[in-house]
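Below is one structure; the comments refer to it alone.
When the chains are written out, they are named A, B and C in that same order, and each has its own residue count from 1.
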């Protein structure tokens, strides 16, 4: 297989270890005076967006930041719980850049680019340094050093954390850096603004059309480069752990303007989420992967067991992850854990009213911690109750906020009975195709963080999303953007009355008019839920050719229905959340179709993409490296018409193998 | 579509935009399940409004897991409703009784103008952050993370302050619309850590100056902010900020 | 100078001044209640009058008295400024407020309690302070104890004084510990102590003050 001529990944020459070092030392630079006249647009203010905007402004570029929320601090990076990985080897347990690189490639089921992942592992340590310098209050040991914990898919402890709120603390660090630049006038902040389209002139990205969500007015903004840091598209499934506002619109508009979409079918289903409780549900809540450190996952050995979990004796419990994967146990990667839960529930061993849940049980570890505490306190012959009470305190300190949240949502006390959990859509490894510079196939248009496809292959390891978002923003784009902008120093700011801006704005206006003019009978949410059902059932945790083919037809029909029967109340020139949703759902519908097409094209199972036709006798994902060791980059050719381009994945440093966590 | 068997009456503040006058409107919320979150109850009401050709109620929300700080409803006389320690999105309908009348208002404050209905403009918080809520360290300037040793207690106290989600419930709860808890949380976090100590005087002076300019009221130590804070940020932070401010005002080595 | 005025015009500076003047006024209360408690010797006012006479003529006390009035006026002035600012900070109020859920009623009513105290002070000063001043001015002897007995033989004065003392009680219950907070003194170890001290101080001072009109009215103090 050869890489399509339309794709140039621009991976530097040299050995894996030297690529990034050499690149950094030789990439074109922009001198400080020229930086002042170069304008960069950053869309999205999560970890990738805030860190990129702050770093570029510090370097001297003129930056504009857009976010649809009322403040950059609300971006959904804020909700990441467990931690951020870095190859610091502070625990002296054998970690290294190479091991982080290796774990990430293997965890991604050998569908990521080696050079990108290695770079990510190389800069991971700098991220921790930078965040600590900003005042991010990571958890610490009594000696004052940083604390670590373990996450899925690894055998070392390399995850840095701040209680169950690591994403919040990292984002607030980046947000602080961003607000500092806003205060200095280096960044112009446009909150409550949503990007509606990319403006391209002579094939290069030159700005965006944005809608002021308060006044409803459309605005034109010029930039020498446009950075999309707009996160993932998990909300295509309607129910996910994403925030309500997370959307694909920016990436999708870029896609329609020429940016190829990479591996859209790679979605991550997170194994430990609170199960759906009813059809009123608007979102799903994650219970951090860090809980799998101390929680044991099980189902009853007997089908349809009506007993309370406490009444089921040890020997009648099936700790299926420990049984199937003794080496990694409860800490197998997410895709493996999710599929195993689905397998048990499909086989009829599920628990709870819906039977679509498994237990996550802290009892054993509460007793273990309690015993340690009793020893520390020098208690002789403590009662079982004392031990349990002591252990409960330890668990409370580690995961208190998560346990409280669980109780708030389910009205059950997880200290007294095991949590009921089930997999839910969490993250999208797919995204805009980018080269080594993080540039899409449209010159001057970049994608950072979850919005790009680059580093996680077919499955992302826990605590690696924060790492990637910050790596892209703090340590990659500040170098790689110079490669492009150094050629743009002669480009004067283009006035926004240029015909390309006028045309792009007119197209957006036309679409808004169309949405209002339909005056149909169904709300936007109706269509979103319908799309979510199709996607979850036919393009979810397990997929097959028949289902995907049906899904494509159903989505095409849904699109027709949407554009003939949706009702968007209110007016354009006001704060109109239904109009916002309508735009987003319209784009999700189109994306859903592409996801199914990509999933149908990929006749193998890998990571989060599980095709039922392709599995080992044990039910593990069965890759087809001979035919599918490539990135599927889709080009938009018109309505429901996408052309596949392949980027061959070359593994020169890692031997391809069947993943084995047993 | 019915989800449950609770029926409620809502009295909700409706206001077209920041310049117009608002008023209360009454809505029926029928078929509500006790397992719904408060915002999901609003989803149901809005769905019914849209299908009957009426305009839905605008409200701010995003993550719906209690961390983004975007949801902001003043419910029956309390920010984020009748239960302490949670945001509106984590409030569930089982905290209400069938037949209840629930009054829902936006955050009130000169520094939080209403944008529409229940959504308010909290950009004043961002401007306070721009005035000094940071450590002045450019990307790439950092030394190895473990070179800075921080006593666990200091790190934990800093974290407790840093847990602030910037929702503005403190301002909404305060009878004077004071933003002291929000500002002091950031001042405390950074002044407790060695990284932030370097510029702690400028920070507190500039952030308080900006806070005053935004039109927030004065702290009168009722403790309502602490009681209503979804993250239980402590009043100790306010005292710490008072201390820092006093020290900075009288000892700062600048004109 | 510019820095100092910057401090005093800031929200924190104003509250600092409120707390400082408040604590100063509290220190006056200690002297006031101690001296007045001399009536409980029940010696026909001999000890009490001696004390009152000392207070009325000692030059140091005279200077401190000016300071006291200045502190009081500053406290009142700041309260007015802060109240006006706070009104402006919330131009549109809530339809429903459930303050009891998050704070004590008296912490939210310091302005009203303070206003009641001010009204009470007008009555109180005209009852005792003015006659004393007149006597000092005329170089005549003044029997303050007799004046007390005369005032507290009227039931309506007793009632006014009780209202005044109750206002003082609640003003102090919040004000005592609040002033420490405004001065930046809050500590896990010591704040509970300050709060307890404030509570007992408020209760004891106010009980003593309340006992004066009541015991005199009932004829227990002769």
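We adopt the following convention: a residue touches a chain if its C-beta (ideal position, glycine included) is under 8 Å from a C-beta of that chain, and two chains touch if they have at least 3 such contacts.
What you are looking at is a predicted structure, and each value in this text was computed from that prediction instead of being measured.
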- Item | Topological distance between chain A and chain C, in contact steps | 2
- Query: Of the chains present, which has its C-alpha mean closest to the combined C-alpha mean?
  - Reply: B
- Pair joined by more contacting C-beta pairs (A-B or B-C): A-B
- Note on the structure: CA centroids of chain A and chain C: separation to the nearest Å works out as 61
- Task: Mind checking the centre-to-centre distance between chain A and chain B? Centres are C-alpha means, answer in whole Å.
- Result: 26
- Note on the structure: Cα centre of chain B to Cα centre of chain C, whole Å, reads 36
- Where chain A touches two or more other chains, by residue: none
- Which residues of chain A touch chain B in the complex? 51, 54-55, 58, 69-76, 78-79, 88, 90, 125-126, 128-146, 162-163, 165, 168-169, 172, 175-177, 179-180, 182-183, 189, 191, 214, 241, 243-245, 277-283, 285-286, 404-405, 408-409, 411, 474-475, 478, 521-523, 525, 567, 569-570, 574-575, 577-578
- Task: Show which residues of chain C lie in contact with chain B when the two form their complex.
- Result: 3-4, 6-7, 10-16, 82, 85-86, 88-99, 101-104, 107-108, 110, 174, 177-178, 180-188, 191
- Within the complex, chain C is touched by chain B residues 11, 24, 74, 76-78, 82, 103, 105, 108-111, 173, 175-178, 180, 208-209, 211-212, 215-224, 227-228, 235-236, 238-246, 249-250, 252, 255
- Contact footprint of chain A on chain B as seen in their complex: 1, 3-4, 16-17, 33, 35-37, 39-40, 43-44, 47, 50-51, 53-56, 58, 60-70, 85-86, 90, 92, 94, 115-116, 119, 121-123, 125-126, 129-146, 148-152, 155-156, 158-159, 162-163, 165-166, 189-190, 193, 195-196
